[in-house]
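Dropping the structures in below, format is structure tokens.
Both of the next two complexes hold chain A, though its partner changes from chain B to chain C.
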Partner chain A sequence: MRENFALTEAGFKVGLIYRLHYFASLLSVPVSLLIYFYLWKAIFAYSNATVIKGFTLDEMVSYYVLVMLVGFITYSECDKWIEESVVRGDTIMALLKPYRFIVWHYFFELGLTGLGLIIEILPVFVVGFFFGLKIASIPYLILFVISLALASALYFLVTFIVGLTSFWLFKIGGLRRVKRSMLAFLGGSMLPLTFFPETVQNIFLVLPFQYMRYIPILIYLEKYSIPYSITLLGIAATWVILLYVLARLMWNAAFKKFAGAGT
Partner chain B sequence: MRYLKLWMQYVAIQLAKDMAYKTNFFIKVLSLIIADVIGPIITILLYANTAGIPGWTFEEFILFQGTFILVFGLGHLLFFGVPFEVVHMVREGEFNKILIAPINPLMNVSFRSFDLEGFAEVITGMVLIMWALFRVDFVLMGMIAYVILIVAAVLFMYSVFVIISSISFIVVKTYALIDLFFKTSDIARYPASIYGSALRFFVSFLFPIAIAAYYPSMSLLRGVSWPWMIQVLAPVTAFFIFALIIWEVGMKRYTASGG
Partner chain C sequence: MVIIQVKNLKKVFKTHKREPGLGNALKSLVKRKYLVKTALKGISFEINKGEVVGFIGPNGAGKSTTVKALSGVLYPTSGDVNVLGYTPWKDRIKYVRNIGVVFGQKTQLWWDLPAIDSYYLNKQIYRIPSKEFKRRLNYMLKYLDLREVSKKPVRDCSLGERMKCEIVAALLHNPKLVFLDEASIGLDIIAKNLVRDFIIRQNQEQGTTFLITTHDMQEIERLCQRLIIINHGEIIYDGGIEHIKKRYLKKKLVHVKLETKKNNFSFKGVKVIKEKDYEIVLNLDTQISSVKDLVDYLLKNYNVADINISDPPIEEIIEKIYREKKRI
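After this line comes the complex of A and B, so read on.
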């Protein structure tokens, strides 16, 4: 385990190099929230409603604060790292190391996210409270933390799988962009999923997407009963296992492909 | 004429570069279309469940979104790459070549930044606009103003990218500024009329990004007058002149330090 955290430390240090990027994204937090605040204020007033699709105006604004919070915590771009190492041809270095490829990337990412947590999370909370974010009660807070852990595992696994495709496709900038926008859209980052038709929502229930953003947010907002929340977390955990198996299978194939090409 | 020929040459080179990773190129184009189509889908969901954005019917807001996508698509096609190109060239010392060439340096760098992918966004935007135009009442005179304002919007974004590029001569890491531009321009994704007065002033005069979609759509849907056009175009013109001055200053810095 100690070795694994050495990787985390490395990730942390690499993240420091890009700290300017973190600050830029920090500045964007109040801007984005201001946009959503005015947008929903206008829509609520124009619709003459206090509750739209299960959300009050305050809850709607909190929803977007939480979208950002969950987004920062579950952030992963290991697909970019994998792509770079495949294109540059230094994947061999990664294979020589006494780590499993996936473990290496996971702990490296943990360091990157760790830095993000320190720099970004606190300001988001501060800005969030300014926009009326309330602290959830203890049981929901605990469930929220568990759902976050599952969400970040899911997000990491999907990103890792996308990253592995670079063994076949080399440059995957386009695929990474598809991943980003699809996960944002289907995960509920842009609009609460209750705005979708009932049937679509039921399909979302068995897909992994909503467990990366939407479910943690709704648990925080105490929209579900505790037993139901636990059921949802069970589905999320099942997806973690399924995606892990898929990632391992893909890695085995990628490894064969890599060895076969002899590059 | 010489410039047009040069531009064609650069387009050809860019095409060859993109074709080196064909699959990625096509997925990239597809990804842009997907990302752009999500906006209208959200609009559909929004208007299906609420009264929508005050003062804008569904079709009008699709026109608004289409305009935004078109303007940013044109930027992507023509010059979003300029700061990256400048940073790369300054770092590698290649910028000297640009200075020696018998072509305006700014034009040269801009031509090099042509990005074929932008076409995907331009077409998506145009499709949305066309769809909406058949369904909204628009002022015929507004059509001319609409085209002028879209050109002005592209010019404004060009100014911003020239300013960012000029800053790259002094501090090399300007990617954060590009991020910041895109985040700030998210404000222009919705009509300026929904915002508070401070924010509205900001996007109209201090950083006139409202020209990306709000003003062109307004001219088309609500009509135009001369004073209104002048008031809209003045900040953009000021920005453009400012950008050209800053670019000259930046280039002087480069010549002085780079030797």
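After this line comes the complex of A and C, so read on.
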């Protein structure tokens, strides 16, 4: 395990070099929250309602604060790193080290995003409370933390799988955009999923995307009963296992492709 | 003790054939032509513990392919490889712990970080005890004059500086076996000598086995006791370096530039290849006259601006080996 955390340390150091990037993304937080705040305030005023699709104005604003929070915590960009190494031709560096490829990237990412967390999480909370975010009750807080862990695992696995496709496609900018927009629409970071028709929502229930954003947020907002929340976490955990198996199969194929060409 | 055993190693690459031009590029999107290239035609060799083996051959001969298969990052088409008891590409994770590799064209250091950070990472990866790590690191950094260089990001290093850093990274964990693939590129003469001596010491003190590919015949001469020459995916020579030296490296190419014109050069054992105004190109047979004698003579009798002495190119040696084989 110690050698795994050495990678985390390396990730942390690389993150430090690009630290300005985090501060830049931090600046975007209050700006986009202000936009969402005034947008929804206008929508609520216009429709003369106190609750829209199950959300009050306060909850709606909290929803977007949480979108950002969950986004920062589960952040991964290993697809970018894998793509870069494939294009530059130095995947060999990771392969000559005694690690499984997924382990190598996971622990490196942990350091990279860990730094982001330290820099970003507190300011987002402060700004969030300023916009009326409430602290959830203890049981929901515990469920929220579990859902976050699952969301991180899911997001990492999806990102890793997208990254592996660069062994065949080389440049994967397009796929990465697809991943982001899937998350925006199907994951709920654009709009709460209650805005979709009931049948569509049922389909979303069996897809992995909403477990990366929407479900943790709604758990924090205490929108689900505790037993139902636990069921949802079970589905998320199942997806973690499925995606892990898929990632493994993909990696075996990618290594065959790589080692067959030997570049 | 045999630590590398290669039997009938064969590798066939299938790559896309790309014709030049935009039209052909578009065409290749729909219909792809494949190019089949046999990189290794079934080579076999063995290397014992503690050997320093030179692995040479012209461009595209299959050197890197072999080194990649031996280091576990390439699947061969067929054949058996056993290194330290592992099949490299099957047991990659367990196997690579025991080896050190430098690929001249790739970096194994973190591009964004100073080399020293990569070394500390390697300390954890290879579980090097702190005391030994410090001792080895200090020794290596001092020896290769890297104390300051190792503190700046690898991206800011010159090619030569980076290669020295790479060599440290490959040897830090004291691996039993080290592959150096074109590891001397970018090194100046001083650095080359340092690295050379360093490799010799490592070999003698720790019994480390080295497999070295390079285009620099001098490097091979100084470092290796044994030489494997590969061409078109086949081993055409495997044996002592002395034999090659005596047979094929007895000729030196001497390129002289003059300050003042002087013609009609003649010296025992020297064939004049070219003589024109300020320039003379000579072919010296070192069995008749030594390099020293010739240079002494030149300096005494000619107004010399520059002398360049080189070995015949590897291609020439290969050609001679082929010619000899035909005769047998």
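By definition in this document, the second predicted complex is superposed on the first by the 263 of 263 C-alpha atoms of A that agree within 3 Å, B and C clash if a C-alpha of one lies under 4 Å from a C-alpha of the other, contacts with A are read in each partner's own complex, and residues count from 1 in each chain.
Everything that follows uses one rule, which is that contacts are C-beta pairs under 8 Å (C-beta built on N, C-alpha and C of every residue); 3 or more make two chains touch, one makes a residue touch a chain.
Treat the numbers as computed from the prediction; the structure is a model and nothing was measured.
Peer 1: Would you check which partner chain A:3 touches, where first means chain B only, second means chain C only, and both and neither mean what they say?
Peer 2: It touches chain C, and chain B stays clear.
Peer 1: May I ask you to name which of chain B and chain C touches more residues of chain A?
Peer 2: Between chain B and chain C, the winner on chain A residue contacts is B.
Peer 1: Quick check for you: in the superposed arrangement, does A:14 touch first (chain B), second (chain C), both or neither?
Peer 2: The answer is second: A:14 touches chain C but not chain B.
Peer 1: Under the stated touch criterion, which partner chain does A:256 make contact with: chain B (first), chain C (second), both, or neither?
Peer 2: second
Peer 1: Tell me which partner A:150 touches in the superposition: chain B (first), chain C (second), both or neither.
Peer 2: neither
Peer 1: Based on the superposed arrangement, let me know which partner A:95 touches: chain B (first), chain C (second), both, or neither?
Peer 2: Only chain C; A:95 stays clear of chain B.
Peer 1: Of the partners chain B and chain C, which touch A:212 in the superposed model: first, second, both, neither?
Peer 2: neither
Peer 1: Does chain B (first) or chain C (second) touch A:177, or do both, or does neither?
Peer 2: first
Peer 1: Which chain A residues come up in both lists, the one for chain B and the one for chain C?
Peer 2: Overlap of chain B and chain C footprints on chain A: empty.
Peer 1: Would you pull the chain A residues touching chain B in the complex into a rising list?
Peer 2: Interface residues on the chain A side: 20-21, 23-25, 27-28, 31-32, 34-35, 38-39, 41-43, 45-49, 52-53, 169-175, 177-178, 181-182, 185, 190-191, 195-196.
Peer 1: For the complex, give me every residue of chain C touching chain A.
Peer 2: By the definition above, chain C touches chain A via 11, 13, 15, 65, 68-69, 71-75, 89, 92-94, 96-97, 101, 103, 105-108, 110, 112-113, 117-118, 120-121, 123-127, 153.
Peer 1: Would you mind writing out the residues of chain A in touch with chain C in their complex?
Peer 2: For this pair, the touching residues of chain A are 2-3, 5-7, 9-10, 13-14, 17-18, 89-90, 92-93, 95-100, 256, 258-262.
Peer 1: Contact residues on chain B for chain A in the complex?
Peer 2: Those in contact with chain A are residues 21, 23-32, 34-35, 38, 41-42, 45-46, 48-54, 173, 175-177, 179-180, 183-184, 186-187, 189-190, 194-196, 199.
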